[in-house]
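The block underneath contains the structure these notes are about, expressed in structure tokens.
By letter and in written order, the chains are A, B, C and D; residue numbering begins at 1 in each of them.
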Amino acid sequence: MNLIVSSSPHIHGKDSVPKIMLHVILALLPAAAASIYFFGIRALWVMLVSIATAEISEYLFLLLRKKDTSAALDGSAFLTGLLLALTLPPSINLSMVAIGAAVAIIIAKQMFGGFGANIFNPALVGRAFLQAAFPIPMTTWVANRAAHIDATTVATPLGGFKFSHILTAHKDLLLGNVAGSLGETSALLLLLGGVYLLVRRYIDWRIPVGVLGSVAVFSGILWLANSNKYPDPVFMLLAGGLMLGAWFMATDPVTSPVSPAGIWIYSIGIGFFVVLIRVFGGMPEGVMYSILIMNSFVPLMDKYLRQRMLGEKK
Amino acid sequence: MKDSLRMIAVLTFFAVLSGGILGWFNTFTEKRVKENKLRELIASLQSVTGMDPNTDTYKIVRKDKDFELYRIISGTETKAYAVVGEGNGYQDKIRLIFGVKPDFSEIIALKILEEKETPGLGARIEEEGYLKQWKGKAANGSLKLVKTPTENPYEVQAISGATISSTAVLDIVNKSVARAKKLIKEAGK
Amino acid sequence: MSAAVTSLLVMGAVALVFGIIISLAYSKFRVEVDPRVEEIFDILPGVNCGACGYPGCQNYAEAVASGAAPPNKCTVGGAEVAEKVAAIMGLEAGEVEKVVARVLCIGDREKSVWTADYDGPQSCAAAHVAGGAGKACSYGCLGFGDCVEACPFDAIHMNDKGIPVVDEEKCTGCGLCAEACPRDIIIMEPVKNRTYVFCRSQDTPKRSREVCSVSCIACGICVRLAPEGLKMEGNLAVVIDPEKVTDQAIEKCPTKVLFRI
Amino acid sequence: MKLWKEFIKGWWKENPVFVMVLGMCPTLAVTNSVKNAIGMIGAVAFVLVGSSFIVSVIRKMVPNQVRIATFIVVIATFVTMADRYLAAYYPDLSKALGPYVPLIVVNCIILGRQEAFASKNGVVASVLDALGMSMGFGIALMLMSSVREILGSGTWLGMRVLGSWYIPWQVMILPAGAFFVLGFLIWGFNSINKAFKG
């Protein structure tokens, strides 16, 4: 074997990309399974189409860029497809799912240079594109099967609060007995997966703590100021896509900062924007845009907030 | 000095030439622009009040930037009022026109003149399905927004997913009705 | 008053006012520009290569017009441009010597030792920072062609063994390739000079021998045989006067790194 | 031969939109439908050719110091004429284009061509240059607006081209869609250039 000379970093951990991806996907499985239980076989189709399109797009673009196509099997495209599917409404047209997954991989990931070089979380870019392209299907929610037998259009807990001022019970939010996207129904199962990743040290504990903590603090301040007008912090924590975002999307190592100081600014910033958009904005949910906004600051934070090398002068 | 004079002279010469050409050009276009505007106004008035442009006339009661009030006259009688109102929508100003019966008992029809709402969501305020429900609503300045289909004259159904745009239209109507009523009352005294 | 007359008067008045303002500003902030600057600039090739020692052609034109620079500094334009510039300035055109780039390393892939594979950005600058891409000689050519990229005249190319070759016809002597080379292997020289020690290694004789078969091993034979043509600079023999490098010195070079082209 | 070169260079080699990336304001703002794009192309071509003609005629008598002021007066005159003409004869188009017709005054393609070309070249060359640049601008806007209208509304120039099965991507007629399409078109443009060069 030849000695290899390369530019830094030079230390290799024993965890490879496919192994980390496998564990993240594993941690998402309970929530994914629950979505099939709640929304039926259609949820499975949404996930399959999303993952398949993501993998195919990844393979084709690696081919086009004359890169090693085996990288398409490192699990990152699979994870992007799965995450995207979990943010979509179960009733969405499958062709839209495919468009979203293709945009996520091609525009948000490969065009920025592929795995490790993207600025924005690909799954969220895919979702943002779908939101802008198909506003009606993306905000049409069917009732949860566990709650109602017929599939009528209903409001999500956050939508219900924003436009009709109806609070959903905490227990329902925790168990997933609500309308919403595939993966944001059951806060409990997402929490389970998140804690698993935390215990295995695949994610930085500061990110979920910073995001959830700041959402609790900011919404708590508003709630204390006027509990009739603003929702309570527990509702804010459990409703919508916050759990999915805080544990699985904000923690993406590629699009989150490196230094502890950067991570704190990043995660608290996400929490701040979530509360700002949900309470004062025009949309009921803001996790997606909050993470995308803070993603854009990551390169800046990595430049100015990195840890100094020993003896390095400023 | 000679340079300076030449600079001033050249610039002024071309400016005067330009002013002359534009002024001359304007005499051709101005008339048509005015005609276009008038035609547009009459078409709007016609669609929201049922005014017949051959027999009826209209009178401008008030014309501000964000509020216009027209009295539609048939013979000697006031046939209807038309109100143009403006207010903030979800993204930019919404400008609309609606006709009311002379006694302000009900709205005759409503039309959106300008909006830049989200296509597919807020922009649906321009759709016929939404606009036709305005016919017969109470013109009392205190209409309410509801989520479900309604037959009540004091309730208007919102477009699902576009609550903000629906609220904006409702607010503009309520505000403009109140303003029109006040103006007519003052004029009547 | 009709709209036409109004617009005419308004436009006229505005233009008059601003015309006066501009002319006042002009006389107040007037910068005397030597008309010759423009003339010279028009003659210069306009590649902004910087070979004249000024940031760009405009600056060089200003310098020539003000008398700060001689008219023959433009190596890209050569004698032709120098003559024209000098004509504008009313001066005799000095002799412009054609300068070309010389690559002082012949340690190609076959003749030098490589100790590792390189996995990184494919550029000399990056490889130089990353410890030399596995090339054992830390003075020799890395072969990624940064100089080729830098050349605006398509005058330098990599040969099939990874050493750049200069096309003397196309080379204008602008020096951009020399600047791009992280190892300072490329130097700018008058085209009439043809004898060089084609090595820049300052390694000890032992090390030089180990890493490359065509390096200067500082034996000093050439300096002894032609003391007026060469001298030692540390562990490297350097030609100081190509005219005085004798054939004998060239023949005796044990690694054949001193030669004429 | 040289004149022919001045004419065709704007189509592809020096395309004002895809190569020089000038005139981004109308390129991004009014390409949400082909009809708007055609209106804008007409207005820009009229202003560009008209002012290039005038500027190349008067270039020798305008002192250098009031050069830009004079050019702007010339350009603004043509822009105002275009704007008034549209308002008088095509009120709907004029409304749809909104402030973007008056904004042609500050469009870099126009002043850029006057400064870079018309003020240094003769009348014939300047007019040909302006015509060529207008063509280039037109090609770019037609491509942009065709892609955006077909994907965003399923229509082309108001005619249905995609069947009712097609669900329009509304993002394409929003400002964000303009950036996506521009990016992809510049990519395609450069890829073609590269393929021909290589």
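Simple rule for what comes next: a residue touches a chain if its C-beta (ideal position, glycine included) is under 8 Å from a C-beta of that chain, and two chains touch if they have at least 3 such contacts.
Keep in mind it's a predicted model, so treat the numbers as computed, not measured.
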{"item": "Per-chain CA centroid nearest to the all-protein CA mean", "value": "D"}
{"item": "Pair exhibiting more inter-chain C-beta contacts, A-D or C-D", "value": "A-D"}
{"item": "Rounded Å distance between subunit C and subunit D, as computed from the means of their C-alpha atoms", "value": "41"}
{"item": "Chain centre separation in whole Å, for subunit D relative to subunit B (CA means)", "value": "33"}
{"item": "For subunit A paired with subunit C, centre-to-centre distance based on mean C-alpha positions, whole Å", "value": "53"}
{"item": "Multi-chain contact sites of subunit A, meaning residues that touch two or more partners", "value": "134-135"}
{"item": "Per-residue multi-chain contacts in subunit B, two or more chains", "value": "3, 7, 10-11, 14-15, 18, 22, 26, 30, 118-120"}
{"item": "Junction residues of subunit C - those touching two or more other chains", "value": "11, 15, 18-19, 22-23, 26"}
{"item": "Subunit A residues within the subunit D interface of the complex", "value": "93, 95-96, 99, 107, 129, 132-135, 137"}
{"item": "Residues of subunit C touching subunit D in the complex", "value": "11, 15, 18-19, 22-23, 26"}
{"item": "Contact footprint of subunit A on subunit B as seen in their complex", "value": "90, 118-121, 147, 160-161, 163-164"}
{"item": "Residues of subunit C that touch subunit B when the two form their complex", "value": "2-12, 14-16, 18-20, 22-24, 26-27"}
{"item": "Interface residues, subunit A side, partner subunit B - complex", "value": "134-136, 139-140, 153, 163-164, 282"}
